[in-house]
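Labels run A, B, C, D, E, F, G, H, I and J following the written order; every chain starts at residue 1.
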Amino acid sequence: MGIIGSTIQPFTATAFQAGKDFFDVSDADVAGKWAVFFFYPADFTFVCPTELEDLGEHYAMLQKLGVDVYAVSTDTHFSHKAWHDTSDKIGKLQFPFLGDQNHVLARNFGVLREGQGLADRGTFVVDPDGVIQIMEITCEGVGRNANELVRKIRAAQYVRNNPGQVCPAAWEEGSDTLAPSLDLVGKL
Amino acid sequence: MGIIGSTIQPFTATAFQAGKDFFDVSDADVAGKWAVFFFYPADFTFVCPTELEDLGEHYAMLQKLGVDVYAVSTDTHFSHKAWHDTSDKIGKLQFPFLGDQNHVLARNFGVLREGQGLADRGTFVVDPDGVIQIMEITCEGVGRNANELVRKIRAAQYVRNNPGQVCPAAWEEGSDTLAPSLDLVGKL
Amino acid sequence: MGIIGSTIQPFTATAFQAGKDFFDVSDADVAGKWAVFFFYPADFTFVCPTELEDLGEHYAMLQKLGVDVYAVSTDTHFSHKAWHDTSDKIGKLQFPFLGDQNHVLARNFGVLREGQGLADRGTFVVDPDGVIQIMEITCEGVGRNANELVRKIRAAQYVRNNPGQVCPAAWEEGSDTLAPSLDLVGKL
Amino acid sequence: MGIIGSTIQPFTATAFQAGKDFFDVSDADVAGKWAVFFFYPADFTFVCPTELEDLGEHYAMLQKLGVDVYAVSTDTHFSHKAWHDTSDKIGKLQFPFLGDQNHVLARNFGVLREGQGLADRGTFVVDPDGVIQIMEITCEGVGRNANELVRKIRAAQYVRNNPGQVCPAAWEEGSDTLAPSLDLVGKL
Amino acid sequence: MGIIGSTIQPFTATAFQAGKDFFDVSDADVAGKWAVFFFYPADFTFVCPTELEDLGEHYAMLQKLGVDVYAVSTDTHFSHKAWHDTSDKIGKLQFPFLGDQNHVLARNFGVLREGQGLADRGTFVVDPDGVIQIMEITCEGVGRNANELVRKIRAAQYVRNNPGQVCPAAWEEGSDTLAPSLDLVGKL
Amino acid sequence: MGIIGSTIQPFTATAFQAGKDFFDVSDADVAGKWAVFFFYPADFTFVCPTELEDLGEHYAMLQKLGVDVYAVSTDTHFSHKAWHDTSDKIGKLQFPFLGDQNHVLARNFGVLREGQGLADRGTFVVDPDGVIQIMEITCEGVGRNANELVRKIRAAQYVRNNPGQVCPAAWEEGSDTLAPSLDLVGKL
Amino acid sequence: MGIIGSTIQPFTATAFQAGKDFFDVSDADVAGKWAVFFFYPADFTFVCPTELEDLGEHYAMLQKLGVDVYAVSTDTHFSHKAWHDTSDKIGKLQFPFLGDQNHVLARNFGVLREGQGLADRGTFVVDPDGVIQIMEITCEGVGRNANELVRKIRAAQYVRNNPGQVCPAAWEEGSDTLAPSLDLVGKL
Amino acid sequence: MGIIGSTIQPFTATAFQAGKDFFDVSDADVAGKWAVFFFYPADFTFVCPTELEDLGEHYAMLQKLGVDVYAVSTDTHFSHKAWHDTSDKIGKLQFPFLGDQNHVLARNFGVLREGQGLADRGTFVVDPDGVIQIMEITCEGVGRNANELVRKIRAAQYVRNNPGQVCPAAWEEGSDTLAPSLDLVGKL
Amino acid sequence: MGIIGSTIQPFTATAFQAGKDFFDVSDADVAGKWAVFFFYPADFTFVCPTELEDLGEHYAMLQKLGVDVYAVSTDTHFSHKAWHDTSDKIGKLQFPFLGDQNHVLARNFGVLREGQGLADRGTFVVDPDGVIQIMEITCEGVGRNANELVRKIRAAQYVRNNPGQVCPAAWEEGSDTLAPSLDLVGKL
Amino acid sequence: MGIIGSTIQPFTATAFQAGKDFFDVSDADVAGKWAVFFFYPADFTFVCPTELEDLGEHYAMLQKLGVDVYAVSTDTHFSHKAWHDTSDKIGKLQFPFLGDQNHVLARNFGVLREGQGLADRGTFVVDPDGVIQIMEITCEGVGRNANELVRKIRAAQYVRNNPGQVCPAAWEEGSDTLAPSLDLVGKL
């Protein structure tokens, strides 16, 4: 089986989140809720803050949809805090940052650049059963798009909540969906 | 190394394309150009035609950007032709469909659902060196978005053509880019 | 032990049959009845429809003999339905078509052309104990003969129902059979 | 790859043929001509002589078609000669019998019943390149049909000699054949 | 341990014996009695009938001594019967012939010529405990001597029945035997 | 391949022979001549001297036939000499005794009783090519028969010298032999 | 061999040093000079800055002694720069910091806490041949002492430069040394 | 895990200590107390006595701190006693010397020079749980410094006894310590 | 552990002893008493009888000391008896000779010359616990000395019976022994 | 092959010898001369000095016989010197002592007590070809006898210098020797 449909593997990581003391996050904490794991290469770098800021601007919406967000790099939680303290863009972000300096999460999700010790720019959407439903990776230098991420999460939630319905391409909340049936085979 | 940054593996597949006799496509045909491999589960099904139609509407743009497009499922080229002959939506599409009934491409790109013999809904952008730069997979029932695909390809092309520049989150053609430098470290 | 005399291996496949919703067929469904597995390379191709049509013309007789018939290719059940909907020859057929896009049946019966992902033109007769009693494979381009298949099934049924009798070459229903005995040894 | 399309493996066997001294036959002797390997369980038994007699009645025709015939069992050439000398039916046969008491041929063609040391009732048609094109096996007690064998050999020869043509089901010499083409896809 | 002193391995073979229907013989049938396994290369050949005839002339004596006799070749029981039916020499023989076409007995006793599928000309005397006490093998073309076989069986029976006695060279029934003792050491 | 037809393995052993100093015998010394290897369990024991005496009485004949004789036990050449010096029966013997206290010969010919360090009572006839043609082993307490040994050696020599001839059972020098031919098949 | 006396293994790491652009350091850069590798767990933490400050205060002396200094943690060079930019203590330091986020150096020197992805508090002195001469590791919470480090480096340099002399315990520059000789054995 | 943080492995060694009969020391004797294992290459040599003397001068202090001291070399306890009896410097020492002539301790602590059978000049501080907290090794010819050892032991004891406190670089008894907290991150 | 201090391995051998029937000796017979295993190369040879005679002259003394004596070679017990019967020197000996023709004892004690099948000239003294305490081996041609053997056995018995005492070099019964103590260390 | 007859393995050890500086001894230094390796457990112990003293009293004689002597324990050469300096008995000895603290020699000669790191009390006589000819080991507490050692060395030298002669038991210089010959077999 490929990564889509697979269950996330066990992990424990120390998190920094604005206004809280350091705390641990594990796979048990993720169970029962939708979650986004948002990997980026390194604190204090270039594309990452714009992506994180973009994600931050959609954080309220994601929380309304019941989706936890975890930013992850191979930096420590100490470094995450220091970045938060010194960067205007990062300082505004409310979601937790996981310290993956032991490479466990990056390796679990298949985004560790082994020789470099850095994570790829990968996004993974995990459903309440711990199953990965959506993923995306872009190369160095290409920023992601939080708006599109929200669109896909909505579609995945719609499909989960409405058995027998599927969402067509570029589906937006409120658009029509399809109900597969024998009669439709070969008719689309 | 993860999939991003890896080089595509050898393959040969028989293609159907509107208005042409069946022909073979191999990794050699892909070399030297940008290419999109657009996997979908099966001919004659439900979400797929909307995604393929959405992709078809961006095909002219992708060709202008010098990007080849290959739709791929584990159906044969015979089946692809039959679908094209009988479906209004599919009948309009101009890009080639590869017959992957031997599962080589789906396995190469890691999107074969082994037990089922069907491909995941995965998109892969390959640069002229045969290196995968962007990928995305969505679960059953969630349609992709060709508009976002074009946005990411433009960014990847921009980065390739402008060494020293990177594209921030949700970057659109014409927006500002960033030039990483020592001075920027920790300043974003 | 060779294939003759071996028991069929477990499988589950989704079937299309005219006038019914898609349904699953497994080795359990085959138990207790005579069955023919009739493999062919691909939907929408050339020799196959003539063979399937020929088989269709003997389907009533086979049903009278208590024999289930399964047409099998590495196409999906979606493709089978589409072919049925669009081909006059195929549209008339009443027996189920199994979708073997995961290659399980073709591999079980030893007729998968591994490199190509297509099945050979093989016929297998399975008795009510799930034991393969008769098989035949012809190369690409050579059609089978349903009349001869019926003749052999009748002979196999006769032998099963009349212990101690065997059917000579080119035996037809109603012809003489032989009863092996010590006295006959070396006398034929 | 399955057995159809595979090349026969090396062998050497001692043959008995009416009116000749014992002689050896090997894969080299088979090269360059069409050949039938006709396996049967044992000399001096029951169904076999009727099948061999039936084959004998088509031997002249097969020779006219340029097809060599080899009857094969796990008996020795001594036993073959003794059978020939003592059986009216067998005594009339003109084609050679191969002594396969070392089980090499039966194992090569996959028809050895390992525990029993006897061959299944299998027929194999080999083309001039040594490639198996047609095969058939029936269970104990069910006789084959030489007429049908001739029909299939004619079809295989027609296909070999007329590239681009295929023979439909139950094709007989002189009937129509088909020429596959793109336009025919989905039209049969 | 070598073959002398080893216990015979399990087997089942179908036997032909004059005046009886075919029947199975296994190691269980051999237990509790003296037995001779008399291997020869093939039915319908040259030295073998003279050896079997010679053995036949001593069969009454062997039976009086309580010794079963089994002639064994890699031919089938069908072939054994046919030979019996057609050969004057063989037709007179009363002991059973075992069909070893699956090579089990020849391999168990170490007399299978692997490449040829024929047995060596080997004789094995088995005591009532299933233990091999005497063996002999001669090359192709050299006939054995049943008289000498009887002499050795008598000696083996004498030794078994008279613990503490041994039979000197070329001992014949009625001659002196020796009783080993400390005093004899170095005195013979 | 079994032992008959196999070539003897390399060895070197120290020999005692009446009237000579100790000397070495190896497989090279055996090449080019007929040889008998006559194993027995131990010097100074019971059956052995009668067998060796019996062999001694046929030694002149065997030499006339060009056959070397080697008596072999796992005793040393020192022990062989001591036995020769102190036993009337052994003292008369003219053929060499090989010291096999390192078990090489007994193991090579398969007659070592591993747990006991003694050889079985085995006789092996080796032709001038070093190939074993005749063998015999008897259990503890049963003496062999040199007369029969001579008979079999004569037959083996006859067959070697007269290609196309075979010796029937219990053949004696001067008796009729057989010339196998196609016509004889099934006629004996 | 233990770590003392072993040669450093190959590595390449990106360095941050005050007033310079990022640059790479490898084992080749270390060859030919004395070097100190000074590992600490993480940027932005507690004991580390006091140790690094203490080391900084001895940096001028070490440079006078021809000793390069490398501070190493599993943080990136980006993080090192950010720490330098924001910490008064760290901001004053002039020696380079190596980014070991791929764990190569920490593993090479045996100080990686595998489960945690952090380095132990280890110091290693490497001579101009790349051989480790002095090492020290302290547990979490116990700071090292740069003064003692300088003392030991001076002693190691003295011993290297004065063959035949050794430095006694707590030796300080200018104190007496010892010249080992046979006469001294057992006299100290 | 590296050596710091690992638990000492089992050992038993015979000790010499001034004024006592020989006695055994094992890992069980070390449990529950702080201990120093002080390895040196060999009795009767050069640097070692100055180091041991230096350690002896701090022995009273270490005992006051509740720290056991074990000097260890690969010499026997007999040799240790003889050295003590004949050397003025060694004769004054009150702590036990362990005989490690079987290399168990040197191998356990990783300081055995395998080819030479001598230990490196390594010091290991073990806490009452048997966990190694501090270590140091210097090359041949460079003496250690007992004063610095005492300083580090005091710091390690302070940290163990004052959870939440850490000792900065070059900390001396009575100096300030640090209490790590979220607020301090990035502030030192 | 080396051979001294190891326990003898299980064995069973047949023994010849003057005036007794053959009997078996095993490791169980040796338990609880002192024993000497006295290996020699072969019966009927040269140095051996002088050594055995020398041992025989000390046999009464050894028996008085409670020591069993076993002479061992790779000859059989038959050969041992024959030697005893024919040699004046050997005929006088009263201790048992073990037949080790299966090489078990020679291999157990490490004195088998593998290529030759003969034992080295080795002596082993085993204490009542089955532990080897003294051993000696001399090359071919060098005789041992039973007097020295008795001296060493007396010393070993003295040490066993007087815990805390050791016997100095060349100690003879009645001479002084030593009592090791701490005070003696380095004083001898 | 056992130890007698084997060649000594490579080694290098540092030696102490009265009146000389430390020097290395290797297998090369031993070649071409007779040598005695005299192992003992440890310097400064009890039986050893009496054995070494006994050996010392025969050293002049051994040198006259051209025999080198090496005393060996697992102590260092430093310890050997210290013992020599402080013990009256040892101080008189003129032969070299090898430091085997790395256990190479003790392991090579099979006398290392692995668990203890001490050598057994073993003596080995090596001939000028480096082949071990005589060995002896005694248990703890039993002293060896230099007089007997000299006797055996003389015998070994005699045998080497007089091919064809062997020395009987307890042979002393000047006594009769034996010349093995065929005539002597069984006569001693």
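The rule we apply is simple: a residue touches a chain if its C-beta (ideal position, glycine included) is under 8 Å from a C-beta of that chain, and two chains touch if they have at least 3 such contacts.
Chain identities (UniProt): A, B, C, D, E, F, G, H, I, J = Alkyl hydroperoxide reductase C.
Values in this document were obtained by computation on a predicted structure and should not be read as measured data.
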item	value
Minimum number of chain-to-chain touching steps separating subunit G from subunit I	2
Per Cα centroids, the chain farthest from subunit A	F
Option in A-G, A-C or D-E whose residue-number contact pairs overlap G-J by over half	A-C
Where subunit C and subunit F are represented by their mean Cα positions, the distance between them in whole Å	64
For subunit B paired with subunit F, centre-to-centre distance based on mean C-alpha positions, whole Å	81
Interchain centroid distance [CA atoms averaged], subunit B/subunit C, Å	40
Rounded Å distance, subunit F centre to subunit J centre (Cα mean)	51
Multi-partner residues of subunit C (each touching 2 or more other chains)	44-45, 78, 81-83, 85-86, 114-115, 185-186
Pairs of chains, among all present, that meet the touch criterion	A-B, A-C, A-G, A-H, B-C, B-D, B-G, C-D, C-E, D-E, D-F, E-F, E-I, F-I, F-J, G-H, G-J, H-I, H-J, I-J
Residue ranges of subunit F in contact with subunit J within the complex	21-22, 78, 81-82, 85-86
In the complex with subunit G, residue positions of subunit B that touch it	182, 185-186
Complex contacts: residues of subunit G adjacent to subunit H	1-5, 44-51, 53-55, 83, 86-87, 89, 110-115, 120-121, 133-148, 151-152, 155-156, 159, 165-171, 178, 180, 184-188
In the complex with subunit D, residue positions of subunit E that touch it	42-45, 74-76, 78-79, 81-83, 85-86, 100-103, 114-118
